[in-house]
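Shared chain: chain A. Partners: chain B in the first complex, chain C in the second.
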Partner chain A sequence: MSTVGALLLGLPLAAATLIGILHRRLSTRTAGTLAFAMAATCFGLAVAAFTHLRGLPEDARHVAATFWSFLELGRGDAALTLDVGVWLDPLSVTWALFITGVGSLIFLYSISYMEHEAGGARYFACLCLFLFSMLTLVLGKNLFLTFLGWEGVGLCSYLLIGFEYGKETAAQAGRKAFLVNRIGDVGFLLGMFWTWKLFGTLEHGELTPKLAAGLAAGIALPPLLALCYFVGACGKSAQLPLFVWLPDAMAGPTPVSALIHAATMVTAGIYLLCRLSSLFVAADWALDVVAFTGAATALFAGLIALRQRDIKRVLAYSTVSQLGYMFLACGLGAFASSAFHVVTHAFFKALLFLGSGAVIHALHGEQDLWKMGGLKHHLPKTAFAMRIGAFALAGIAPFAGFFSKDEILGVAFARAYAGDPACWVLWGAGVLTAALTAFYSARMITLCFDGSSRLDAHSHPHEAPAPMAIPLNVLAVLSLVGGIGLGFEALHWLPLHHWLAPTLAPLDLPPLPGALLWGLMTLAFLIAVLFWRIGAKWYSGDCEPARAAELTFPRFAGALAGRFFVDEIYGALIVRPLRFLAALALQFDVRVVDGAARGLGQFAALVGTGVRIVQNGTVQRYAFWMVAGAIALLWLALG
Partner chain B sequence: MDLATDLAATAPLWLPMLGCLAVLLLETLAPGRSGHLGALVAGAAIALAFARLVATAPSGRLPFGMLADDALGRSLTGLLLLVGAAVVVLAEPLLARLRLAHGEFFALLLASLSGMVLLVQARDLMALFLAVELLSIPLYVLAAFRRLSAPSVESGFKYFLLGAFASGFLVYGIALLFSTCGDTSYAALARFAADPARLGATWHVGVALLLVGLGFKVAAAPFHGWTPDVYEGAPTPVTAFMAAGVKVAAFGGVLRLAHEVLPDGAGLRAGLALLACASMLVGNLGALLQVRLKRLLAWSSIAHAGYLLLGVLVVVAAKSHAGATGAAATPLADSAVQAVVFYLATYALTTLAAFGWILDLGRESAELQDLRALRGLARRRPWLSAALALCFLSFAGVPLTAGFLGKLYVLKAAFALGTELIVPMVVLAATSVIALGYYLRILSTLYMERAPDENAPAPARLGSTGVALLIAAACGGVLLFGVWPEPLLRWLGG
Partner chain C sequence: MAPQSWYLIVSALLFGLGIVGFVTRRNSLVMFMSVELMLNAANLVFVAAARDHVPARGSACALFVIAVAASEVAVGLALVLALFRLKKSVDSDAVRELRA
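Our next item is the complex of A and B:
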């Protein structure tokens, strides 16, 4: 199995290096084919790892492979050994499976999508590097490697958002993503140092047992430690208040949005929470913070998504909102449900992004929903696939998102039912978000595909070529069966949960009675369908009801369209004070530091003169210093 | 003594010498046409020597009663042979360009190389002295090889004068040690030194003078005065040979002395600490104001000598730790030796890449010596700029480069002794920060500043595939060993 692990990391790295070195000489098609072949091979390897683990007894389902030791520091209790290696267990393999699976579909899609762009080979080099970093993050055998991968995906995200670096918005969005993520990374780093200090290990395989032993011995786990990791996860997974970079990240090419900013990288935060689930469960009130942040983010982003004009921004905010659901699930202790939603979300959100990419491709770069309409006549296949994705997102049975989302709402309800009143709030927020989700999904589909065309007269949209259509179809099938295939709580069919059970902290909650489960499911289904219908009705035709609503609540509508002015608030609260501080610092710099620097410069000139006196090129002078050194050595030797 | 066995064991030593004679013979038989041929013969001799080295295992015997055939000697010999081969690759295109394609260059190179190999294998003070001279004399000539260029001739002459001066210290130190001990072999010296009561003033003075002589060769302050002038004036491949080869060889000699002969003592500790701290401070402060690339690397090489001397100091100091008796080696000392050898390997690798870079872009012309000529180079020569940036990050000891691990291992070895060596350790940390000042300045010159004329054609390169491949390979090594040190550690560990 260690060979499989080595290849899973080695192949993407090799492909990235090869394409990176030759990027000026390779055509987009060659580079893309190479990258796709590599990604597909990686998927095969991940499947091999999966079957191998399946063959092992349930409590021994992990394989550790150490390739080499990077660092060995300290001795005894304070020893820190950082090995380079992989840790294959159900959790990491699950992530690896959908990363490589969805990843290879998106690689295939990109070959056509990027064909007419300049620098296509550079794009694929970055994509391969991303796959390498993401797999390092997931498969690395200790937190140190996870962190390296974490930084690596951040770097690739920066490079790919700013792929068209000539465009000022793209370059700025890249910088924003990079800077906001740094805040999260500080949290991760601090958490790592603290973990090592408390438990003396960073290995994934050793942390849980050591934690259990430490708790048994009476070590109190500081909730702040868990919060450090949570801050890291918030940055990467775009939670309140660090979500602002993700909508801007849509400046990157659409397949990048699908792969990095929807299906894989943004779920790294959830991976970290799941990986450290035992730590979070033991850390007292930390999980409550996670749950409330998740619920608030879900609701907040869901509201903003209601009135975005840009199709990719709608999807971006819906991603933030769905990530909020996943955090909510983690916060409720239902880590398996969270992972379930990660997987189904990867399917349907990748589908939606790729579908929107096909639309944008067909309209030669148009992203404004108000300039679309009636596209189902021009792009029937894309419209069909997008509709499936939107149903899944809206949580309409039997599409994938329904089962995973319903499970999360079910857990929130069960917690409240078991006597935790605060959970009613969480459940309420979740249900409200579900209604919003159905509404804006319907709005997006209606505005884009139904009604009459608002296109430019000379625009002739055409269906995407086969390499773009195949991934759409595969993802559409997965969005249809991916939910019911992986878990249906009311029927006690929970294969994914059983598979993940050995690696996650168990959910300490009595199951709800069967009738209540069915009742909740019906309720969720009805809400989704109802709000889908409302959304579709409001935005069909001349959108009369929607306009009426906007006129009735102009300020709320304005706040929604203005994304609650979060960027402006950041501007006022953080950027402007920082600018002010910078201006102050500049004054300080000009008046005080420069003065000191001039003084220092004179000092440096003095030192320089001194050096010149010593280092004046005269051999005698050098010899003099040698003799002086020799005398000093003799004096020390005899003294 | 079986002559055949001894000869077989010392093949890496005499094969370059044989190559030297062959090149000289060629030069006599075909005067003026031996340039390329000389390079070929030199390459072949080094390759043969390397093959012999790899094919046989260290026997642990003492060939000719004066040499060592052990793991340390072999790993350093291998390193030196690689450096020699790299210098051949660097020198060949430049000599052709300067119309100096004479065979003597390679003959001198090979002679100096065999001196270096002898130095890391010497286990007798006589062999040590012989090695130092065999290494140095051809190098004086090589430094002045551009005999029509005044800086080159000045460089060779200065190096010669000061080198002769330093040799005087060395040979006098050897004489004193012989007079007090009655023998010059390391084994006998170690036996003598095992009893501290016997170590009188003569011994201590002898050791101090030895340190002066060897300190000159490793370019430790205050014996460093020649370094900037000579590095700058000598042809770039020769500078690379000095910076990488001489450093490895001389530290190999110092390391073996420290490990096998010198007993721990307050005086020796103080002396080594003085040299280490002075080198770190003088080297880094001197580099801070430099605007010329070769001089900057010269000062930085002085600073690196200081870091390495801390490693040597640990080797000496580790002898009085847990379970040690007299001059016997301890695991701590062994790990310190490992650290220094690893540092040397990473330093040699990075140095070769950096000087290869200067050669490739500067083509031995003066104008690119000025750092200002490198402004905004990253836009026009992205790969080359990345290579130089990587070298400087490694010199600075930034993680994920080999230089980081080198520095880390030395510090780790020092930490194992607790706080005994706290002063040089603090100096190392502080001067590493100063060093960032000038290393990052070059990165900012390359990447952040704009060229005065954006439309000017990118600076021309030397156009030698060999040099380009060498830079690529060395940079690859710096990166690879920075994340995966194990193969290098294993190879260096014997």
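Our next item is the complex of A and C:
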């Protein structure tokens, strides 16, 4: 198994290096084929790791492999040894499976999508590097390696968002993503130091037992420690207040949005929460913070998504909103439900992004929903696949999103039912967000595919070529069966939960009675269908109801369209003071630091000007001074 | 026999002439001759001292000075020649490249 682990990390790195070195010589198609072959092989390896772990007894399902020692410091109890190696357990392998699986589909899609773009090979080099970083993050055997991967995906995300670096918006979005992610990274780093201080280990395999031993010995776990990691997770998984980078990240090519900003990278935060679930559970009120942040983010982003014009922006905010659901689940202690939603979300969100990519591709770069319409006649297959994805996102049974989302809402309800009044708020926010989700999903689909065409007269959309259509179809099938195949709580069919159980903190909650479960499911289903119908009705035809609503609440509608002016607020509160500070520092540098250096030079030059008067190049003058000097010396000697 | 002070006075006069010649004249050959004048002023002191005090040492020093002066002439004349080739002039004001 250690070979499998080594190959899972080594192959993407090798591919990234190879394509990176040769990127000027390789064509997009060659580089893409190579990258796709690598990603598909990685998926095969992940499946091999999965079957291997399945063959082991349930409480021994983990494999550790150490390749070499990265760092050794100190001796005895204070020794810090950091090894480079992999840690395969149900949690990491689950992540590896969908990263490589969904990843290779997106790689395949990219070959065709990027064919006519300049620098396609560079794109694939970054993509391979991203896969390597993500797998390091997930499979690394200690928190330190996870952190390295964490930074790696941050870097790749910067490279890929700013892929078209000639465009100012893309370059800016790349910088923004990088900087906002840094804030989260500080939290992660502090958390690691603190963990090391308390438990003396960063190994994934040792942390939970040491934590249990420490708790038994009476160590109080500071909630702030968990919050440090939570800040890191907030940055990477785009939660309030650090979500602002994700919508802007849509400046990158669409497959990048699908891969990084929907299906894989943003789930790194959830991975961290799940990985440290025992720590979070033990950390008193830390989980409440997670839950409320998640619920607030879900609702906030869901509201913003209602009135975005850019199809990718709608999807971006829906991603933020769905990530909020996952945080909510973690905060309620239902880590397995959160992981379940991660997996189904990876399926349907990748599908939606790739579908929107096909639409944008067909319209030669048009992303404005108001300039689409009626596309189902031109792109019937894409429209069909997108509709499945949107149903899954909206949480309409039997599509994938329904089961995972319903489970999260069920847990919130069960907590409230078990006597925690604050959880009614969480449940309410979750249900409201579900309604919003159905509404904006319907709006997006209706504006894009239904009704009459608002296209430019000379535009002739065409269906995507096969390499783009195949991933869409596979993901559509997964979005259809991925939910019911992995978990259906009311029927006690929970394979994913049982599979993940040894690695996650258990949910200490009595199960709801069956009748209540079915009732909640029906409610969620009805809400989703109802709001889908409303959304579709509002935005079909000439959108009369939507316009009327905008006129009734103009300020609220304006705030939604303006994304609650979060970017403007950040601009005024953080960016402008920082720019001012930078300008001040620049002045200090130019005036004081440079001034001191230049002043020294000028002083020397001044002395030189004074002294050079005697150096006029005339031999006689020199001789005169020599004589004068000799006389002066004589005078001194005699006098 | 003339007293030693006379020799010293003549020597001082010669030396002064040399200095004045060197500082005031622009022709490098004349400047060169002025240097010789100063050297020989020193020689005069040496031989005068040799006559009255220590004959061997004073004469030896005078001989040294003559030898050094001879080699200096060789170097100096070569310099003047090179200067003339470069500037078509032996005027010392023609070379002012080292002016700061």
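Operating definition for what follows: the second predicted complex is superposed on the first by the 579 of 639 C-alpha atoms of A that agree within 3 Å, B and C clash if a C-alpha of one lies under 4 Å from a C-alpha of the other, contacts with A are read in each partner's own complex, and residues count from 1 in each chain.
Please note the rule applied: contacts are C-beta pairs under 8 Å (C-beta built on N, C-alpha and C of every residue); 3 or more make two chains touch, one makes a residue touch a chain.
Not measured: the values here are computed from a predicted model.
Contacts of A:Gln615 after superposition: both chain B and chain C are touched. In the superposed model, B is the one of chain B and chain C that contacts more residues of chain A. With both structures placed on the common chain, the touch criterion links A:Leu634 to chain B but leaves chain C unconnected.
Judged by the touch definition given at the top, the superposed model places A:Ala623 against both chain B and chain C. Of the two partner chains placed around the shared chain by superposition, chain B is the only one that A:Ser69 touches, whereas chain C remains out of contact. Look at A:Val84: by the touch rule set out above, it reaches chain B but stays clear of chain C.
Residue overlap on chain A between its contacts with chain B in one complex and with chain C in the other: 608, 611, 615, 617, 619, 623. The residues of chain A lying in touch with chain C in their complex are 608, 611-612, 615-620, 623-624, 627. Taken together, the chain A residues at the contact with chain B in this complex read 68-71, 73, 75, 84, 604, 607-608, 611, 614-615, 617, 619, 621-623, 625-626, 628-630, 632-634, 636-639. For chain B in complex with chain A, the residues that touch the partner chain are 158, 161-162, 165-166, 169, 201, 204-205, 207-209, 211-212, 215-216, 221-223, 225-226, 228-229, 267-268, 270-271, 274-275, 278, 285-286, 288-289, 405, 408, 412, 416, 483-486.
Across the complex, chain A is touched by residues 19, 22-24, 26, 31, 92-93, 95-100 of chain C.
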